[in-house]
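Following are the structures in question.
Shared chain: chain A. Partners: chain B in the first complex, chain C in the second.
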Partner chain A sequence: MTQATVAARAAQTDERTTAVITGLGVVAPNGLGAEKYWAATLRGESGIRSLAPRGMSGYPMRLAGQVTSFVAEDHIPSRLMPQTDRVTRLALAAAELALDDAELRPGELPEYSMGVVTSNASGGFEFTHREIQKLWTKGPQTVSVYESFAWFYAVNTGQISIRHGMRGPSGVLVAEQAGGLDALGHARRAIRRGTPHIVTGGVESSLDPWGWVSHIASGRLSKESVPELAYRPFDHGADGYVPGEGGAILILEDAEAAARRGAAKVYGELAGYAATFDPRPGSGRPPGLEQAIRKALADAGTPPEEIDVVFADAAGIPCLDRDEATAITAVFGPHGVPVTAPKALTGRLYAGSGPLDVVCALLSIRDGVIPPVPNVGTVPAAYQIDLVRGAEPRTAPVRTALVLARGKGGFNAAVVLRKHRKEEK
Partner chain B sequence: MDRRTVITGMGVLAPGGAGTKDFFELLSSGRTATRRISFFDPSPFRSQVAAECDFDPAAAGLTHRETRRMDRATQLAVVAGRQAVADSGLETDELDPHRVAVSVGTAVGATTSLEREYLVLSDSGRDWFVDPGYASPHLFDYFVPSAIAAEIAWLISAEGPAAIVSSGCTSGLDSVGYAHQLIKEGTADVVLTGATDAPISPIAVACFDAIKATTPRNDDAEHASRPFDLTRNGFVLGEGAAMLVLEEYEHARRRGARIIAEINGYATRCNAYHMTGLKPDGREMAEAITAALAEARMDGRAVDYINAHGSGTKQNDRHETAAFKRALGDHAYRTPVSSIKSMIGHSLGAIGSIEIVACALAIENDLVPPTANLHERDPECDLDYVPIEARDQRVDTVLSVGSGFGGFQSAMLLSRLGNGS
Partner chain C sequence: MTLDDLRRIMVACAGEDEHVDLGGDIMDEHFADLGYDSLAMMETAAKIENEFGVRIPDEKVAELTTPRALLDFVSHVTVS
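For the complex of A and B:
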């Protein structure tokens, strides 16, 4: 096939193209690898613990979701170590896990047929913290030759693309916590525009002291110091969230291309996606999450009654929890659908959380279980949501799932995942 | 029927040119806006030149509270955004907010404010364990740059999708490309899009120093940005913002909007080669150009002007010269190519959108902006780079390209309405 014909095909958008997820790569505070993360999530194992450095002991908040089991040298070639921040090492490891899971070998694919679309909200922050300290204490000549590209938000997409020789359409989006789902939506767009295989998702890590103080400055962190009590979304006593590091990278493919190459696993379809933005504060108009849900359902061609579970954004801040409950009940009716928030075990991972929730939703579909939010006591009656609580997962057939994410400032995103039609019989 | 994307409003804050009128005057005169860095003492640095905006937030209409809340990059974007909305003649309260979207490109976000905050928190770098007690209430919004997109969304009361596009130095092209796709696929009818960066800060200057990407031509700051010239030795860091109102064609036509230009095609590819290095063959950029032409259903021979990335590094200018030849064949030799970075420097993520405004102005005014400071021919750069003086000629169709760290290569085609397919 000539270059021109490949390009001509790529120019035609096909809205009917089905995008399927065929590989999962997880780097979560409560598990490395999708299966370990899933098992820990079902058991209610948390990855939230106190930040260890003694110098941080005086900080007003210290609980964070931490990927403590990650040994970068086990995943990253030594050549890449000096030039990468922790966030990029986590992202490269997640991408490798996802490619292995999908049994996809980029080198065997036609040139330009694979791209990388990721989200990241804070860049290579610890790396930059070190370099900026060197700049101001030892002078400009001591700044690393890698600083120019280890910090910026595009670093994960760039490094994944280079590591695996992926030359197709690629991109980077930032929308705080909503950006990870936006990346998935944009990846599907790239598939519909003719690129059959996209590596997509989001990974975050900024738990160095400067990064951590920036998290604190959001004014949204829980003041609780007991890990089990600190991040209790939808609970009566919710007082904020716990940030974390990690996330997920997925392999998204044109369903036909995946079938042609004999993809071993099809976890599900990315059936619907939509994003909205909240009205300007003080406008008196309702927040945009309900619109995002309705648009994503419409995009998937799925009526609300077909949704079997909602993975909530779960801000852990009472007014935001209430807004989310209002949006969910407006679409599904009071107590109309099971709602869960496994991120209570990892903390909020910004760009990482949406894709990680998507992994969870896909494994719920596969196994017919909904993971619980273990540490929530009572949910205000006014929320009228069926929150899956307690120590035990809820067994239920899950065919279609909705994942929600909201980013500070007013960003809303929703994704609908569906059991692949070819898998259903 | 296919949905088409048109530009109906533009705003720009570029070094030496605030507002489209002054900016066009700069482009047509071939003046340069590069100078010795004035924002801080640059003497410890290898490269001491930059293209700075003479920007006064209060004079530009920002309130004291807005100025305090927003990083400089946000301020530039908001002022350019207000210009663009005013230029479009849109009555924002008559729009369906759910059909209005926002995309803003930025490579490094609120770097300047982050560095300023860092110095306070760390006692000028002395403390690794920075002191949370001194953090500004706005620190988080500098830390996560999507706060910029929120400010832009409020500006036009958008309730459709909003996001930051942050693919390094192609962010400004990719952001407008993203907006174009939102319109084309039917997600939005109006998108306020563009890009901003205000990176002229010690950490940004130091990191480009470290890899010798920026020019050390400190004794001749006004002529330091020399794309395609044999003596070029690195880019000049710049800052600025450009915002555009993109509209679906029928939406614009129904309200009788002035249509400045049409966006006919856009594509991006990665070189998967090196985070900062470029192979001399320009293959991936050529592929992006070919794909953008395919979307536009255009033949390469339709291109009247190429707005080059033209950063003025040795490798970049050679790389894209090869890309133009590979994608357009002999037509590359007959087509004027220029780099406005010769005049306004390289504002990282912002420049792609500023260049789109320059392309639209080229179409509107039938004028090809020049490449300033181009005196000595480089045998490896053998196209028509429009040296020194702007050229009056018919410009119906323009190709604009960008290339950036991470390996991103992007291309966009714009045309006078009626000249696309």
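For the complex of A and C:
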């Protein structure tokens, strides 16, 4: 495809264009790379541990999902080290993994046929922490010029785009925990407007002491100090969540373009997407999650009975867990669909969690297994959800999956993934 | 300030392009060809000021496009 045809196609939107996921790049607390992460998730291996004591001993909560096996120098050229926060190094590594998995070689494609759409909710805390410290101890002339963008939500998209020469439509979405799914929705929009290859997803990292203070200030962190007990979504004893770092970057493509270039793997279709916003507090109207689910199903042309598993937002806060259970049972009926929450093993990754749950959903479709939530004991009977619990994954044919995410401040997003038609037997 | 000082500062400020040999004869190479963009040069100028006490105004940074020009500027200021 020439630059001119790309531009001409971009002028119109074709809602019938199918968008497929052809590459997965995972940087998760319990595994680097999609397959390692998936194996750890099925085994119930957690990446939640205590933050290194250096500088952190005074904080009341210290559990976090940490990508401890990541060595930046192994993934990032020296040229980019002085200008990147840890979050961007993780994002660049995830993008590289996704491109490799998809066998997509940007150098061989027209630069305007590829775009980057990511989400990020926290920016680069560690970098800014260091530079601001220089500002008030040594003066403004010592502050790195790269502070101008290294902290910024948009920097992951920018650095991925520059590194791989992707000059097509690109963007950034910020919607706290819901933003990662919004990025996927917007990536599909870009494909339907005529850009065939989009790198999309979300990655976060804000576990340095300054970032950590912000997590604590949310008032939503679990007070538990035992890693296994600290984030138990839907459990009767749930008392909050554990934050984490990492996420996933995916390659989303126009199904026809993917077929034309001979894409080796098609993990599934991004069949439906919707986002809603909660009514103002005190309005008496219900939260927007149920509407997001219904709209995403409608967008996918999928009735509720065709959904084989729900990857829940799983806030780990009793009132929010109850709200989510209410929305799920309203659409699917009591105990009407298996519900799981692999993020109990990683912590909540903000913009990273939605795309990581999408990876899980796609691999559930591929392998016919639903990962369990290992540490949940009793689920309140009133929730009426079929939560997949225990040590073993549940074997079940999965053809269509729903992924949910909610962001603090009223954001809701839902995504429907479906086995690609060509992959069906 | 020597070329070796400049090499060290540039690598600290903006890393090294894997396709460029900074150890070679680079006195008259353009910074852009060595993989250093305008931000990298601003960062380099700030480090030079911290270390050698020579202030290079932002607009001047853009004019000093080669190691030779930059080193000449710094030594001229240091002498005068």
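Assume the second predicted complex is superposed on the first by the 419 of 425 C-alpha atoms of A that agree within 3 Å, B and C clash if a C-alpha of one lies under 4 Å from a C-alpha of the other, contacts with A are read in each partner's own complex, and residues count from 1 in each chain.
Throughout what follows, a contact is a pair of C-beta atoms (placed from the backbone, for glycine too) under 8 Å apart; a residue touches a chain by one contact, two chains touch by 3 or more.
Just so we're clear, the structure is a prediction, and the values are computed from it rather than from any experiment.
Asks: In the superposed arrangement, which partner chain does A:333 touch: chain B (first), chain C (second), both, or neither?
Replies: Once the two structures are laid over each other on A, A:333 reaches no partner at all.
Asks: Using the superposition on chain A described above, determine whether A:211 touches chain B (first), chain C (second), both, or neither.
Replies: So A:211 only meets chain B here.
Asks: In the superposed arrangement, does A:390 touch chain B (first), chain C (second), both or neither?
Replies: A:390 sits against neither chain B nor chain C.
Asks: Which partner does A:80 contact after superposing on A: first (chain B), second (chain C), both, neither?
Replies: second
Asks: For A:409, using the defined touch cut-off, is the partner it touches chain B, chain C, both, or neither? Pick first, second, both or neither.
Replies: first
Asks: For A:145 in the superposed arrangement: first (chain B), second (chain C), both or neither?
Replies: both
Asks: Which of the two partners, first being chain B and second being chain C, lies in contact with A:115: first, second, both, or neither?
Replies: first
Asks: Considering each complex separately, which residues of chain A are in contact with chain B in the first and with chain C in the second?
Replies: 83, 144-145, 148
Asks: Flag every residue of chain A that touches chain B in the complex, lowest number first.
Replies: Where chain A meets chain B, its residues are 3-4, 7-8, 10-11, 13, 15, 53, 55-56, 59-60, 83, 112, 115-116, 120-122, 125, 128-129, 131-133, 135-137, 139-140, 143-145, 147-149, 151-155, 157-159, 161-162, 164-176, 179, 182, 186, 189, 193, 206, 209-211, 213-219, 274-280, 283, 285, 288, 291, 350, 407-411.
Asks: Quick one: which bits of chain C touch chain A in the complex? Just the residue numbers, please.
Replies: Contact set of chain C toward chain A: 11-18, 35, 39, 42-43, 46, 49-50.
Asks: Across the complex, what residues on chain A touch chain C?
Replies: Going by the criterion above, the answer is residues 77-83, 141-142, 144-146, 148.
Asks: Looking at the complex, which residues from chain B come into contact with chain A?
Replies: For chain B paired with chain A, touching residues are 44-46, 97-98, 102, 107-109, 115, 118-119, 121-122, 124-126, 128-132, 135-147, 149-150, 153-154, 157-168, 171, 174, 178, 181, 184-185, 202-203, 205-211, 213, 265, 267-276, 284, 287, 290-291, 293-295, 297, 404-408.
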